[in-house]
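Below, subunit A partners subunit B and then partners subunit C, in two separate complexes.
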Partner chain A sequence: MNLLAFARGPALTVALAVFVFGVAWRLLSLLLLPWARDLAVARATAPPALVGAVKGFVRHLWPPRPLARGALIVTVNGYVFHLGLAVIVFGLAQHILFLRGLFGVHWPNLPSGVISAVAVVTLASLFVALGRRLTNPVLKLISTSNDYFSWFVTMLPVATGLIAVSHLWAPYETLLAVHMLSVSLLLVWLPFGKLMHAFLVFLTRAETGIVYSRRGAEI
Partner chain B sequence: MTSTIDVHAAAQTFLAHTEAHLVSYLEACVHCGLCAEACHFYQASGNPEHTPAYKLFPIAQAYRRQKFPLAWLGLAPRIDADDLKHWETLLFDTCTLCGRCTTACPMGIDIASIVTGARRAFVAAGLGPADLLAAADSSREHGSPLGLTAQKLRERIEWLADEHGVPIALDKAKADVLLTVSSVEMMKYPESVVAMAKLLNHAGVDWTFSSKGYEATNFGYLSGKSDIAKLMVERIVDAAQSVGARTVVVPECGHAFGVLRWTAANMLGRPLPFAVLHISEFLAQLKRAGKLELTPLKESITYHDPCQISRRGGAARDARYLLEDFAEDFREMTPTGNLNWCCGGGGGVQAIARAADLRYKVFKIKMDQVEQTGAQTMVSSCSNCRLTMDESKAHWKWEGGLASLVELVADHLVEETKPAV
Partner chain C sequence: MSRRETIGELLVQRGISRRALLKYSAYLATLMALPPTAARAIADALAAARRQSVIWLSFQECTGCTESLTRSFNPTIEDMIFNLISLDYHETLQAVSGAAAEEARLTSMRENKGKYVLVVDGSVSTKDGGVYSTNAGKTNLQVLRETAEHALALISVGTCAAFGGIPHAHPNPTGAVPVSEIITDKPVINISGCPPIPEAMAGTIAYLVTFGKLPDLDHLNRPKSFFGDTIHDRCYRRPFYDKGLFAKSFDDEGARRGWCLYEVGCKGPVTYNACATLKWNGGVSFPIQSGHGCLGCSEPNFWDKGGFYRPLSTSTGSPAAVIGGAAAAGVGIGVASALLVRRRKSDAAKEPHS
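== the complex of A and B ==
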């Protein structure tokens, strides 16, 4: 078996399995914990829990105005690489083909030139985030190996993908294999490190939204 | 381990309370640091250790080592007694449980609720600031953190009623409304108690204080001593039930309101048998019912939102409603309401002597805010905020005026139009 066959075959299968079971396991181990019912009587004006949850999610999409100034660069940069990653994953023709193979559904792709441009911007944005982490005193203090490793496994598929489509340095097949292996690494790590926030964000924002909407407060 | 700090007990106590919501908060932090910008302690000191997310580190680590689905990997560093000692200051002195960091957090993590849980864990390990813990113990033994025993309460009420010529009901056999008191008011701002009595009498409310349960503050909760927290709640429940009160009114104290209104039922494991209202909410009700006629307040004022009443309590609007058509020159600070800056003394920090310098620094943010409005007086509806601000004001020799919302309202009451009782 050559490298590409390995990357496409067993490596990816195992990675996908670890990803699916890992995410399910972590979500279940959370959701199966005892959920204390809030016995404090909600305000008469409090919306139903679902509305509170949605409000909580929307509310934390952007910092409130008085705080937004200090948080602007971080927030905008955060959106740039999150949206960038989404556009790359779901917009590139080859990715859509691959996802079609997995789920059977497909949608129109974006021109590869656009995707490459988005990837360059995303990569730059990720490096801005890393630069801040390495220099800002608050971030330096609170960053752990989990943060740096998670950054690395997120950056890697973008970088290897870009290199692969630009046919630099090595035969395309090798580059593609390396790219796919880097995706496998990301999939395997995601459930176990901080990248799990991709799922947890729905839970935490909803919880806070529910707790405080019962109180008639906005937080 | 030779130390008297019980690391194991700390972890166990915290983990015993890891209901799902706390755990997901701990697992979800992305270490983005945005919460630092929102925290008055970081803002005032510039010390990265005052970053809200950092304050949670030992608890997050204890969780990762023991309960996390991946604990068996042993990746999380071990916490030791030295770590706990270091974080004691961070968790007790540098968090007022104000909730402001949550507004900035992209994950919506409620840091204040984890700090509360962490404090319980630290107390179980034998840590915690001595003066804060003493306030809790005094509450258990004498009924109040400031030594306001039932006997002293009786004496002070008698004296106040006499001195001001205002009837103050104590231990009536039956009453619709049980009024509670913060001992900070009774000992330092007694006019506030007189003001409440005057307003309730005027509106024809059937109310009483009770020597069975009078202390509204809950230092058991703030210090992490959950047994005392529960005891303080039980006293009020007993008192309310014995007078048959359907409403318990909390005086000008933010945390007293937050604990009784939003967490007491969960401590007891059953809903409270009465409604809980902060005095500002209760006065707003009276005003809506046309029972508060006031002469206009001329001086320029601004309103300081106590965090537990506004941001974490949902009552920001009622204070404004009270000021409407009353305070003729009302000026909002920026930011205000749910995004207000804390006074620096909430969450029990006021009772921690070694935190005084930090509190003063934090209050500077408030001073600047008030000065920007140009208002003569900053009005608040929390006696703990007021005490913190009074002390900080003296430290900086600040000229700005401070006042209580309830006292202002009582001072401007039109008493002639007495409604039928």
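== the complex of A and C ==
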């Protein structure tokens, strides 16, 4: 079995299995925890929980006004690489084929040149994020190896994918295999590290929205 | 046996002019990507060389490789091959049969000890002592070992001999292995393909005869001049690939417009062969030009790489069961851990407060 056969076969299967296992475990073990009842009486004007949840989520899409100026670059940069990642994952024909293989659904692809351009911007944006983490004293203080490793496994598939489509430095079969292995690494790490925010962000922000809307606060 | 004549002498006997030899040498030089000035040197070397004694053994194969060579559209290829070599034994092509044929092999081996080239097509059965493929009462394994012992070099023609090919495909009932797995103490050149391109076979043999040494080989022992680039590197549909324009089926609009065949399973990006440049049938066309993706036939295990029509970027496992199991395990452990916390909490609540 050569590297590509390993990457396409056993490596991806195991990575997907660990991913699904980890996500199911972490979500259920969180959701089934006993919920603390909010004993305070809700404000008369408090909206229903669902509305509070959605509002809370939407409001958190952008920092509140007094903070927005200072956080502008960070926020925009965050959007750049998050959207970039989404465009790359869901827009490149090769990725759509991969997803079609798993879920059976597919959609039209974007031109490969557009994806490459987006990937370059995404990569640059990821490095800006890392740079900030390393230079901002507060952020540096609260960053752990979990943050750095999560950054690394996110950056790796973008970099290797870009190299693979550009056919640089090594034969394509090796580049494709390395790219697929980097995706496997991402899948394996995602449920157990900070990248789990891909799922948990919906829970945390909804929960915050509910708690504060009951109290009539808009945070 | 009489003194083996030089190729030059033989060509004269057959009424082939020096001009024809020069033309042929120029063709060879182009094939092997040698500088054009090499043509004259090749012609001179060839004219003075003795015809190379070749023993050709066929094992677990379909004769497609011999067909590819002898039915090559370009008749000069097979002519030239048979002018350059003295094919002392080839089961499909020789007229004699039975004991006389075996005698021809043994005689050639005796007379050209250490100097003959052994060409093999087909894989070697090894299971149960190799009984699944025998000839004249001997297993292929025995004949290979016996004939390779005093050979100068070996050429594995076709993917079966080079990498095991179709007989080697899962579940490999005969324990088929490539020649290079049995013969490890001699140079083995692999000219893979199912079948190999006739020019690649002819060019490699001609190179051996002309220069008396092995051509440059890649990590799988294939001559770099034919296997140096991927199909994808040289594919005329590449601009469509680069733009992300893919045929989604074999008869959709994209297919009619000649777009890239990646989505319908083309393995060109990971397949090293010369189809896209030399093409088939005397340069008429090649599979991708005819509308079908590359199967990757010149690569090891091409039969077991997850399906000819499955795109390269997809996973080849059939992970439904594994992933389903993993999801169930995740749910189980998630629920269990939450229940544990609940129990701890209620136990704690029951404890008397101090």
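As a convention for this text, the second predicted complex is superposed on the first by the 219 of 219 C-alpha atoms of A that agree within 3 Å, B and C clash if a C-alpha of one lies under 4 Å from a C-alpha of the other, contacts with A are read in each partner's own complex, and residues count from 1 in each chain.
Methods note: a contact is a pair of C-beta atoms (placed from the backbone, for glycine too) under 8 Å apart; a residue touches a chain by one contact, two chains touch by 3 or more.
Computed from a predicted structure; not experimentally measured.
Student: Using the overlay on subunit A, decide if subunit B and subunit C clash or can fit next to each other.
Tutor: Taken together on subunit A, subunit C would fit alongside subunit B, as the superposition shows.
Student: Is A:P66 in contact with subunit B, with subunit C, with both, or with neither (first, second, both, neither)?
Tutor: In the superposed model, A:P66 contacts subunit B only, not subunit C.
Student: Determine, under the contact definition given at the top, whether A:G52 touches first (subunit B), second (subunit C), both, or neither.
Tutor: The answer is neither, since A:G52 touches no partner chain.
Student: Which holds for A:L102: it touches subunit B only (first), subunit C only (second), both, or neither?
Tutor: second
Student: Answer with first, second, both or neither: which of subunit B and subunit C does A:T13 touch in the superposed model?
Tutor: A:T13: touches subunit C, not subunit B.
Student: Take the Cα centre of subunit A as the vertex and report the angle out to the centres of subunit B and subunit C, nearest 10 degrees.
Tutor: With subunit A as the vertex, the angle is 170 degrees.
Student: For A:G161 in the superposed arrangement: first (subunit B), second (subunit C), both or neither?
Tutor: It touches nothing on subunit B or subunit C.
Student: Just subunit B (first), just subunit C (second), both, or neither: which does A:G84 touch?
Tutor: neither
Student: Based on the superposed arrangement, let me know which partner A:L110 touches: subunit B (first), subunit C (second), both, or neither?
Tutor: In the superposed model, A:L110 contacts subunit C only, not subunit B.
Student: Name the contact category of A:L203: first (subunit B only), second (subunit C only), both, or neither.
Tutor: The answer is first: A:L203 touches subunit B but not subunit C.
Student: After lining up the shared chain so the two structures overlap, which partner does A:D38 touch, if you call subunit B first and subunit C second: first, second, both or neither?
Tutor: first
Student: How many Å separate the nearest C-alpha atoms of subunit B and subunit C in the overlaid structures?
Tutor: Minimum over all C-alpha pairs: 7 Å.
Student: By the touch definition above, which subunit A residues appear in both interfaces, subunit B in one complex and subunit C in the other?
Tutor: Comparing the two interfaces on subunit A, one with subunit B and one with subunit C, the shared residues are 25-26, 29-31, 33-34.
Student: Show me the residue ranges of subunit C that touch subunit A in the complex, using the header's touch definition.
Tutor: Result: residues 230, 232, 241-244, 246, 262-263, 269-270, 300-301, 305-306, 310-317, 319, 322-323, 325-327, 329-331, 333-335, 337-339, 341-342, 345 of subunit C touch subunit A.
Student: Which subunit B residues qualify as touching subunit A in the complex?
Tutor: Touching subunit A from subunit B are residues 18-21, 23-25, 27-34, 36-38, 42, 48-49, 51, 53-54, 57, 69-70, 99, 102-110, 261-266, 268-272, 275, 310-316, 334-335, 338-339.
Student: Tell me, which parts of subunit A touch subunit B in their complex?
Tutor: Subunit A residues touching subunit B: 25-26, 29-31, 33-36, 38-41, 43, 56-57, 59-60, 63-67, 70-71, 74-75, 78, 136-144, 147, 192, 194, 196-197, 200-201, 203-205, 207-209, 211-212, 215-219.
Student: Which part of subunit A faces subunit C closely enough to touch in the complex?
Tutor: That would be residues 1-2, 4-5, 8-10, 12-14, 16-18, 20-34, 92-95, 97-98, 100-102, 109-113, 115, 171-173, 176 of subunit A.
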